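The following pair of complexes shares a single chain, chain A, combined with chain B in the former and chain C in the latter.
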Partner chain A sequence: MTLIHFAILLPVIAAVGIGILYRFYKKVHLGWFVLPIPAVITVYLATLIPAVSNNQVIYETMQFMPRVGMNFDVYIDGLSLLFAILIAGIGTLVVLYSVGYLSKQEKLGNFYVYLLIFMTAMLGVVLNDNVLMLYLFWELTSISSFLLIAYWFTRERSIYGAQKSMLITMFGGFLMLGGFIILSLITDTYSIRGMIEQVPAIQEDPLSMLAIVLILFGAFTKSAQFPFYIWLPDAMEAPTPVSAYLHSATMVKAGLYLVARFTPLFAFSELWVWSILGVGLITLVWAAFNAIKQDDLKAVLAFSTVSQLGLIMSLLGAGALAVQTGAAEGLFTVAVVAAVFHLINHATFKGALFMIIGIVDHETGTRSLKKLGGLMTIMPISFTMTLITSLSMAGIPPFNGFLSKELFLEAMFALREADFSVLADVSVLFPLLAIVGSIFTFVYSVILIRGIFMGKQMPATPKKPQEAPALMLISPMILTLLVVVFGLFPNLLSGSIIDPAAMSILNTSEPLNTEIYHWHGWDSPALWATIAIIAAGALMYLFRDFWKPVYRLGADAFTLNYLYDQGLIYSRLGAERITDGYMTGYIRSYLIYIFGAFVIFSLITLINTDISFDWGVTAPIALPEMLIILIILAAVTAMLITRSRMVSIIMFSTIGFSLSLLFVFFRAVDLALTQLAVEAITTALFLLAFFHLPKRSRHEEHRRFKLNNLMISAAVGVVATVIGLAAYSNRLFDSISQFYIDNVYDLAAGGNMVNVILVDFRGLDTLFETLVFGIAGLGVFVLLKLRVTKEGENKYEEHP
Partner chain B sequence: MEILIIVLAGILIGASVYLMLSKSLLRIILGTGILSHGILLMLLTMGGLKRGGIPVLDDSVQQYADPLPQAMLLTVIVITFALTAYMLVVAIRVYRELGTDDVEQLKGVPREDD
Partner chain C sequence: MKSTLKKLGYNRVHKQMNDVFLKYTAKVVFLVIITFSINLFFSGHYTPGGGFVGGLLAAGAIILLLLAYDLKTLRKMLRIDDKRTITLGLAISFIIPILLMFFGTPLFTHQYTYLQLPVFGEVPIHTAVIFDVGVYITVAGTTLLIITLLASEQFMAESEGADKE
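Showing the complex of A and B:
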């Protein structure tokens, strides 16, 4: 275990201490004790930046399950380091913010323990080289996210949201595991590095298509892409620090990380490129379109997050083209740079926005856009921060969102010039979708600013609004400051962080020397696109009352949420119906299943094997034996048709006694004796029971009932006979009985071989047979003697 | 002879299935009894029938009947008997407590909301 392993596991280790601390010490807000943990990790990770930006990679391994190849292999390059710093850094700010946000009356122990588990899980996902270990941490993020969404577990909506996110992300996670396993089967390694070295082998294998689809399921569900985004708006029931951390800055980016990480592996595939690009753009437009109609501030931000994730996803798709065409050409490298840059930007402005909305909620008591307004003079600091971050989200200069959106548009325009074999005609769609999505983004960003802070002040808020305490303002302030700094000096990041990350996505060692400028010249199409977006967005916002009825067109019956809910209901109903269908509660049904399965499987086996009937020497048939057999047959027939219980008992004994006679003919004297005795006692028992059982021995049955039974029993009888005949005529070995016959006197000093086998050679059987007998006797005694009254130990329920 | 006995065992097994599928508890118990009879015959036949003398050491006998199936069957008989006796008592108890021996009516414990 090295220092880096310790850094990853530190939050979980600390969680134990935090949990104990919380039980005994409640004077100081628990968040203060948690705060140093992510801070230390951030500082430690920051010290790795120089090495990584010099193209070094850090690789450390720790044995976990070496037999199955599941080792804790930490691999740090630009991409992982970028994500890890985001996770730890924003984690620090979120913990700081939560100290102000959550009061000491809340269950803080739960909150911070879950949050710390999540932190370890997320660091584990991004810093891992072993796919099995990656999957382990991946599911740990799902579980801790589930716990955090359901933090206020007494609320129904929280439970619903937690369950939904769990079902959807676990669904994707399992499929992703399948993809990993296929990959490891092709390449015979669990290491992502090792897989990337064997790209040609993967390219040739037909199964790699399946692996791509499965892994994309994992990435799309986690990163809330279309149509799996539906869990994210419902996950907003979580406390706001959680929404800010998990559902905007870190966990939802795990899917992006996965796509970026596997881009060198799958970029050869058209399927990979086009599904990422297409799904990303559809998500971008659809979620931005839906964000406008939301009333709840957090819902607006949730849809906005989905939309921005779609943007980054589409950029990664375009970036994969760069790997395909070769990074040297540089046509699509701009897409990769844009993806990485926007990833950072989104984490900063979206984290800040969530925190500010948490403040607004905290200080006014509501998150509904309908109840808010005119807070500009009351909450000036929050207003300034919202203004900056929202404008950055909308892509307005000079903030960082403008830069990455500009790069995004450039990349989408570049797609038009690319030479596509498949989609040459539709390539004009990509910039068009990008522009439409950006217009919607502009509109909801403006709505956020105007809806909360401008216009009339609403008198109806549940609490009297006031500016938040400094403690809550620090974190969003830092993030807003970053928005401004990255906006004004974008090249601060390019050499140290963006380039190494982009190079690891492209899997190249050539330096990129990215430089990001505000000004691209008059001839840049992106510039004109931005101007058009701002103009169109402003017009759309001003005339929103005219076109907003559009949202009422789509009936609720066609939303994805409706489909999801109905799917859940019908899968439960369907399972119930199927179970009710065969679990009838009647013993007869189950017997029919058992006998039916016996007949069917035996028949299949009999048909599939060449059975031959060759019974060599058989014993001759003598007249007395023939007579006994006839008696047995007659008794059986009588038993089947009689109505009287006396007759059936007597016929049963007849069969038993005839059997003991047969045993005499078959040279089995001990058997005959025992059978005689046992049959006598059994008959006596049946007669004893005679008075205690109902007068009739059978119930009225329909003819169809009888016919069914007859068919089943005939089938069982025939199959049993055929199996018996086949077994008898195919003997493979001689019996081992000769040993007993030879040694019965020498070894056991007895003459009666059957008895010697019973008590000497195979005495254990006899011991436990005696035990069975004893237990049965005890059982009979207890059944007859023990009476628990109905009022008593609720052993029996009330019966009608 | 063996073939005849195997067929007889098959008939007994078929008849036992028919009895076990009926509604009355008594007939079900009788059915299990018949089933064990059928199986006894089947097992005994697998060792061959009427080959040699009774398996008791005797200098004048050259070949003995196979003692192993007989020993096993002895165990089977005893266990079957224990089981039959127990089931019979269960049936009596069920009839006393519930007032019916129709298995179609013995369907779970009534729920509280029924």
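Showing the complex of A and C:
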């Protein structure tokens, strides 16, 4: 446990305190107490910049589950530090913004606890070297995102969006785990560093193709790439601070991080390069095209985020070519630099835009473009910020978006030089798609500015618009300021942050010495492309009424959302049908499945293996044991013939108590004690449960039913006896008990072996068994309390 | 006061259930069982016993009270929400292995030391015991939750499909 581990875990540790604090103290907005946490982490991470930009890496390990190779290995290089600073920095601003955005009437405790969990999860994803831990944190981000989207859990759209995001990202995450496992099988390590050292071995292994596909599924679902992007627009049901933070600046970039992190590993593969490049560009164009038709402001931003993620994704694909050809060539290195730079820029301008849209929503009560307009004079500060950030997004000089957009175009033009050994020569397509996507981007950026702030003022807003309080304006203002500063002085970033990050993507230690210019000369193709984009974009915006009917083409049945919804409905129907097939509602059916499987599989094993029975090893049967067995037999017989339920219970208890006596004779005192306690409680339970049983006698049963039962019990009895004898006669391995006898005192300082195994050696088992036990109890509670009324509504009765 | 068993339809038992002797004995025996359960729990690391048995016995002691009195009286005697108890127990069980990570050892590496106390002499202090407290509470809470639910009069009154006499 080092300081850096503590920094990663700090939010989740603080979440416990925050949750408790909120229960008892609600006078001051909870956000003020949360604010220092990401701020402190940001400052701490910033102190690491000098070391990392001098090409140092920080590696700290902390043992978590060393036996399975799952250790908390923190690895910090330029790439992970960049992401970590983005997470903590934007996190600070978002928490500050949320203080103004969320009123004290909301469930603030839930909100901040989820947000802090997310922070730890996200830091854990980007600062980890161990793939298993990475996966753990990766899923934790999905879970916290699910909780945050469903923050207003009474709204149906929130639940729908939360479920959709969880299903899609977890589907990808699980496939990604498969990819990780394949990689670790090839390289025999869980460390990403260790894997990168063994690239030749991975290259030779045919399974690596499968690993690539699986890992890309994880990255594409998380980063909302085509065709998985459909969850992101629905995730906009979350409160706006969450959309700004998770669904624009950080979590959706986890997929980009993953691709960047694995670029040195997979760059050799044509599949890796072209699928990332292709998917990225398709996403860029398709999402930008769809953003224009949206009416909800947050939907516009959601599609815009998807499209920008596609842009960065395609740059990373091109960047993999740089690793192939060698970073020194420099031809595709610009793509990596552009990817890193645009990542930072996107976080600044899109974060600010989300916050401003939140302000507009907060102050006018609507997010619909149809109902908004002419707010320029009423909200001048918001307008200025929107103007700057939207123009940056559209790629207009001198803002930072222009710089990275131009680098992007440059990289796409450079692709014409690429070696098209796999595909036919489609090199023209890359710059073309890039330009088309950028034109759409320009159009929706202008729509944002003009739709909200220009034109005539709409009187129909639900609230009377006014400028937001200063508290809400600070965070977007800081981000807007960064947009301007990075735009005017891009080289502030290039040496300290961009270069180290790009170098870790390229896996090189040669300094890149990137210089970012505004002016590339008249012969630069990117310049002409930018001019063309602005001209075409302006024309398309002016004549948008002519071509907007395009969106009405195409039937609903072919949209991805329709496919998703239908898939959900049919998978549920199918699952219900299968479940109804075997869940009869009778315990006897389930017992038949269990015992039948037991008998059949045991018999197959017994027949197929060569076993002998050694009667010499069995212990002699003493008189007391014999007596107990006789009592048990008598009780069983009485239980079978009696007509009274009461007698049945008593006989049943007799069996249990006799059994515990038997355990005493075998010197299993712990077992006997537990059995006694269980028996006592089961008897009470039976007495209570019998009230709810129908008044039917067992003796009305069919003869055939009884015969079946007899056969099943006889088979189980015979098989169990045979297995017991066989297991005792055929000792293939040494008994494990000697290990515990030797170590129980030295390793665990305990005297009772059974209990030490339970709480120490196999503590994890016990932990989760306890959890299962608790959940089962709550399950019984819900089953009994939440019953469907006659009207078909679920009714919940409060506990007396 | 109608006893639980009366509600269950065992009219003949009813006369016995008003028995002062039973009620008084139940109170005394309750204390004995609870003490025994705590003893079992603490001795669990060295002699037979442990969190699971201890928790079950504690639940058993409370069920004895339930049988001797009835649910309403029991609720008055012990104002505990079993769902909260389960949460508390699970929280303890989960926090201990996580806190142990701060010692710089892998998950679930328990720490222990020996204390010299005036009356008891050398007493071992073991984090496994705290973990076991969580097990104890969860087991007792879950058992009680299920049993009191089944005994809940409100539930019985409204239960559908059950025979009412």
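The rule we apply is simple: the second predicted complex is superposed on the first by the 575 of 800 C-alpha atoms of A that agree within 3 Å, B and C clash if a C-alpha of one lies under 4 Å from a C-alpha of the other, contacts with A are read in each partner's own complex, and residues count from 1 in each chain.
One rule holds for everything that comes next: a residue touches a chain if its C-beta (ideal position, glycine included) is under 8 Å from a C-beta of that chain, and two chains touch if they have at least 3 such contacts.
Remember, predicted model here, so these are calculated numbers, not experimental data.
Once the two complexes are overlaid on the shared chain, A:Y728 sits against chain B while remaining clear of chain C.
In the superposition on chain A, A:I631 makes contact with neither chain B nor chain C.
Shared-chain residue A:L764: touches chain C; no touch with chain B. Measured by the number of chain A residues touched, the leading partner among chain B and chain C is B. Contacts of A:L784 after superposition: both chain B and chain C are touched. Looking at the shared chain after the overlay, A:A689 reaches both chain B and chain C.
In the superposition on chain A, A:V754 contacts both chain B and chain C. In the superposition on chain A, A:F773 makes contact with both chain B and chain C. In the superposition on chain A, contact is made by A:T674 with both chain B and chain C. When the two complexes are overlaid on their common chain A, residue A:I611 makes contact with neither chain B nor chain C.
Shared interface residues of chain A (contacting chain B in one complex, chain C in the other): 669-670, 674, 678, 681, 685, 689, 692-694, 750-752, 754, 758, 766, 773, 776-777, 780, 784, 797, 799-800.
On the chain A side of its complex with chain B, the touching residues are 585-588, 591-592, 595, 615, 618-621, 625, 629, 632-633, 636, 639-640, 645, 648-649, 652, 655-656, 659, 662-663, 665-671, 674-675, 678, 681-682, 685-686, 689, 692-694, 696-699, 701, 708-710, 712-714, 716-718, 720-721, 724-725, 727-728, 735-737, 740-741, 744-745, 750-754, 757-758, 762, 765-766, 769, 772-773, 775-777, 779-780, 783-784, 796-800. Residue ranges of chain A in contact with chain C, taken from their complex: 1, 62-67, 669-670, 673-674, 677-678, 680-681, 684-685, 687-695, 748-752, 754-756, 758-760, 763-764, 766-767, 770-771, 773-774, 776-778, 780-781, 784-785, 797, 799-800.
Contact residues on chain C toward chain A in their complex (touch as defined above): 4-5, 7-9, 40, 44-53, 56-57, 59-60, 63, 67, 75, 81-83, 86, 89-90, 93-94, 97, 101-102, 104-108, 110, 112, 124, 126, 128-129, 131-132, 134-135, 138-139, 141-143, 145-147, 149-152, 154-156, 158-159, 161-163. Residue ranges on chain B touching chain A, taken from their complex, read 1-27, 30, 33-34, 37-38, 40-42, 44-58, 64-68, 70-75, 77-86, 88-93, 95-98, 100-104, 106-110.
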